[in-house]
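Each of the next two complexes has chain A plus one other chain: chain B in the first, chain C in the second.
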Partner chain A sequence: MHIPDGFIPISQCIVYYVIVIIVGYFAVNWAKNNLDERQIPLLAVLGAGIFAIMAMNIPIPWGTSGHMIGSPLVSILLGSPYAGFLVISVVLIIQALAFGDGGLTVLGANIFNMGIIGSFVGFYVFKALKPLIKSAGSVFIGSFLAIFIAAVACAFELSIAGTFPLEAGLIFMGLYHAVIGLVAEGVISTIVYVTMKNLRPDLISSGSLD
Partner chain B sequence: MENKDKNLLIVGVVIAFLIAISAAFFASTNPDGLESTAEKLNPGALDAPAVHEAIMPDYKIPIFGDSPISGAIAIVMGVIIVFALAYFVGSILKKKSDK
Partner chain C sequence: MNVSLNTLELEARKDSVIHNLDARIKLIMTLILIFYSVYSSDLLILLLLEVYIVMLVLFSKISISYYVKRVIYILPFGGFIAIFQPFIRPGTILYSLPFGINISYEGTIFGILLLSRLIVCISMIVLFSSTTPMNSMINSMRRLGFPKILSMILSMTVRYLFVFFEELDNIRNAQKSRCFNLWNRKISYIWRLKQIGYTIMGIFLSSFEKGEKIFFSMVSRGYSGESRSYFKQPPLTIINFYIIALTIAIIIFIEISKYYKII
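Take a look at the complex of A and B:
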């Protein structure tokens, strides 16, 4: 759901940039108080892996394709939505600057959707569900809802921008990303989480383990 | 860095490379969810030019053409850049060790 240049008027683009800068301030504070040196290899590897997997568009019905956004997984493994925000921001900045995937004027909006909404929804749904169901199931549902709600937010933004009509935008964006959430985001996040939990539980934030 | 952390780095980066190369050959070329929505609701919006020229547009290296090899090189370059930048960001933002 990388928005290209021209989809959102500049005046509205600025609003998303301002929100991203404010969240960025809190993310830097989080890192300076909580990001352990031992977590840095995992952080960098997750960024590299997510960049690669975002290039792997998988086909979904209706002649469409999609890929995961990765921010819920990073947030859950490293124990904070600010971790997801930082890693996905790096990925989105490189995608926009070097590869033209997502525009520069709308970079703030893309970070807002995939980096902020994706991270916060994924992390807090996971946290809310974990006492009730097994952690792997919580990862799946949290990751699914993260990309779905980010897509719904994107439809609202493009409606405010006057680019998509609201109702049809919500239906298409919601439907496509619900499918991507089930077959990509939910499944891949759960596989990576379970693998890490078995091989390197010491690197997963203690609050994200059973 | 401990050995098991080095192993994580190596295994992780190798997996990222394998995904990157596979993506160049096997990724779906169908429009993604947002493009597909735009094609149905407002195809004119897709004609707007980007405000800058990317050096590897559409995950391809221009001098190597449109082949999957060109794509694999571009995506592997991206993996390396993202890895390095994420590592750098983590290193400058990490908490100070209490000594």
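Take a look at the complex of A and C:
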């Protein structure tokens, strides 16, 4: 889902940058007010962990492979979408600068898709569903929807930019990421959440427990 | 992830004119060149930019095969969409294939433009990342006014990347030594997924535990929320100004020639 450089014209890139900077402002404020000092190293180390997790290819039926993004899971575990946003932004910045994964001009759009949509959709779907169904189920649906909607948004962005027609984009991006979201993000996040809840419930934010 | 972290760092710590430039200058130059190439839609301009970047690469003494390999590894992600352009963009039909697939003139031109832009941008970013250690990249962002809390998280993330990749390698080796193969279709798919889940959970758990440990070791070295870290800041040598002036001069030259319709 990493859009490369040159696929979105500069004028539209700026729009995404502005959105990201506004959310980033709130996120930094949130971090200042709600994080105690000891959680800052935690966010950083989680970033490094997510980086390693993203490098892990997961076999997907149909003979392809995908990887996790992790923003919904981080948001759920730490109890705020801003946490997921901060961690994923850091990861995406390093990926763009040091590895060339995703471009620099489109960094705003990439953070918007994976960081903002990924974290906020994942977290709030989880929050909304938690009173209704078991928490494991809501982790699954939240993470799946987060990735799926982010992919759909990505298809829309590319079509607004005039790079890829909407219909084909929705079919390719949407279908592919629906499967990846189901397996890589949904199932794996649920496994991580459930085992973590059994082993170290103290590490999960109290709002995200049953 | 296309190269191992260690090769990346080894290459970035070589000694050359480009390596010795201030990371801030390199970052600004990278941004200028990438933004300019995304802005321009003339193949000739993109060619000129690429020639300039290749010259910088030659000056930087990075191994050419390593450089080309990295560019080629990154290319497919966007290249895929660029290659599809002739088939999906409506316009004057150049050639009709069976099954109602047409190759259009506009699509071909647009595809070539996208691909060349992509090549210029990737060559620049690979040059930047092959000549700048990750630590100085992050430091330069901090010194260019990136928010304090974010740059602190960034620099610590970079520091622990290596630890986590080693950890992931250890887990994978342990699994391999027990004859576990993720891609073996004879093993039940659900069971394999579970193992991946456990691996990822292991990484999560160790991040949580490490986060705490790191916090205590930082506190024992005098860290508090308000502490500031001091970094030695070597003065900008004259060559830094030359190279950024050269880059800007090239862009101004291109723009002037474009204005007078020379290119």
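By our rule, the second predicted complex is superposed on the first by the 192 of 210 C-alpha atoms of A that agree within 3 Å, B and C clash if a C-alpha of one lies under 4 Å from a C-alpha of the other, contacts with A are read in each partner's own complex, and residues count from 1 in each chain.
Methods note: contacts are C-beta pairs under 8 Å (C-beta built on N, C-alpha and C of every residue); 3 or more make two chains touch, one makes a residue touch a chain.
Please read these numbers as outputs of a predicted model, since none were measured by experiment.
**Student:** Should A:Pro61 be classified as contacting the first partner (chain B), the second (chain C), both, or neither?
**Tutor:** In the superposition, A:Pro61 touches chain C alone.
**Student:** Output check: A:Leu42 vs chain B and chain C. Expected answer is one of first, second, both, neither. What do you get?
**Tutor:** both
**Student:** Mind working out whether A:His177 is in touch with chain B, chain C, both or neither, as first, second, both or neither?
**Tutor:** In the superposition, A:His177 contacts chain B only.
**Student:** Determine, under the contact definition given at the top, whether A:Cys154 touches first (chain B), second (chain C), both, or neither.
**Tutor:** first
**Student:** Does the superposition put A:Ile188 against chain B (first), chain C (second), both, or neither?
**Tutor:** Only chain C is touched by A:Ile188; chain B is not.
**Student:** Does chain B (first) or chain C (second) touch A:Gly100, or do both, or does neither?
**Tutor:** Both chain B and chain C are touched by A:Gly100.
**Student:** Can you pull the chain A residues that chain B and chain C both touch?
**Tutor:** Shared contact residues on chain A: 2-7, 28, 31-32, 37-49, 51-53, 55-59, 86, 90-91, 94, 96-101, 103-105, 163-165, 168, 200, 203.
**Student:** Over in the complex, which chain A residues touch chain B? Could you list them?
**Tutor:** Touch residues, chain A against chain B: 1-7, 28, 31-49, 51-53, 55-60, 62-67, 86-87, 90-91, 94-101, 103-105, 151, 154-155, 163-165, 168-169, 172-173, 176-177, 180, 200, 203.
**Student:** Chain A touches which residues of chain B in the complex?
**Tutor:** 1, 4-5, 8-9, 12-13, 15-17, 19-20, 22-24, 26-34, 36-38, 40-42, 45-59, 74-75, 77-87, 89-91, 93-97
**Student:** Mind listing the chain C positions that touch chain A in their complex?
**Tutor:** Interface residues on the chain C side: 1-2, 8, 30-31, 34-35, 37-39, 70, 74, 77-78, 81, 84, 88, 114, 117-118, 121-122, 125-126, 128-129, 134, 137, 147, 149-150, 152-161, 163-165, 167-168, 182-183, 189, 192-194, 196-201, 203-208, 210-212, 214-215, 218-219, 223-225.
**Student:** Write out the stretch or stretches of chain A touching chain C in their complex.
**Tutor:** 2-7, 9-10, 13, 24, 28, 31-32, 37-49, 51-59, 61, 68, 77, 86, 89-91, 93-94, 96-101, 103-105, 158, 163-165, 168, 183, 187-188, 190-192, 195-196, 199-200, 203
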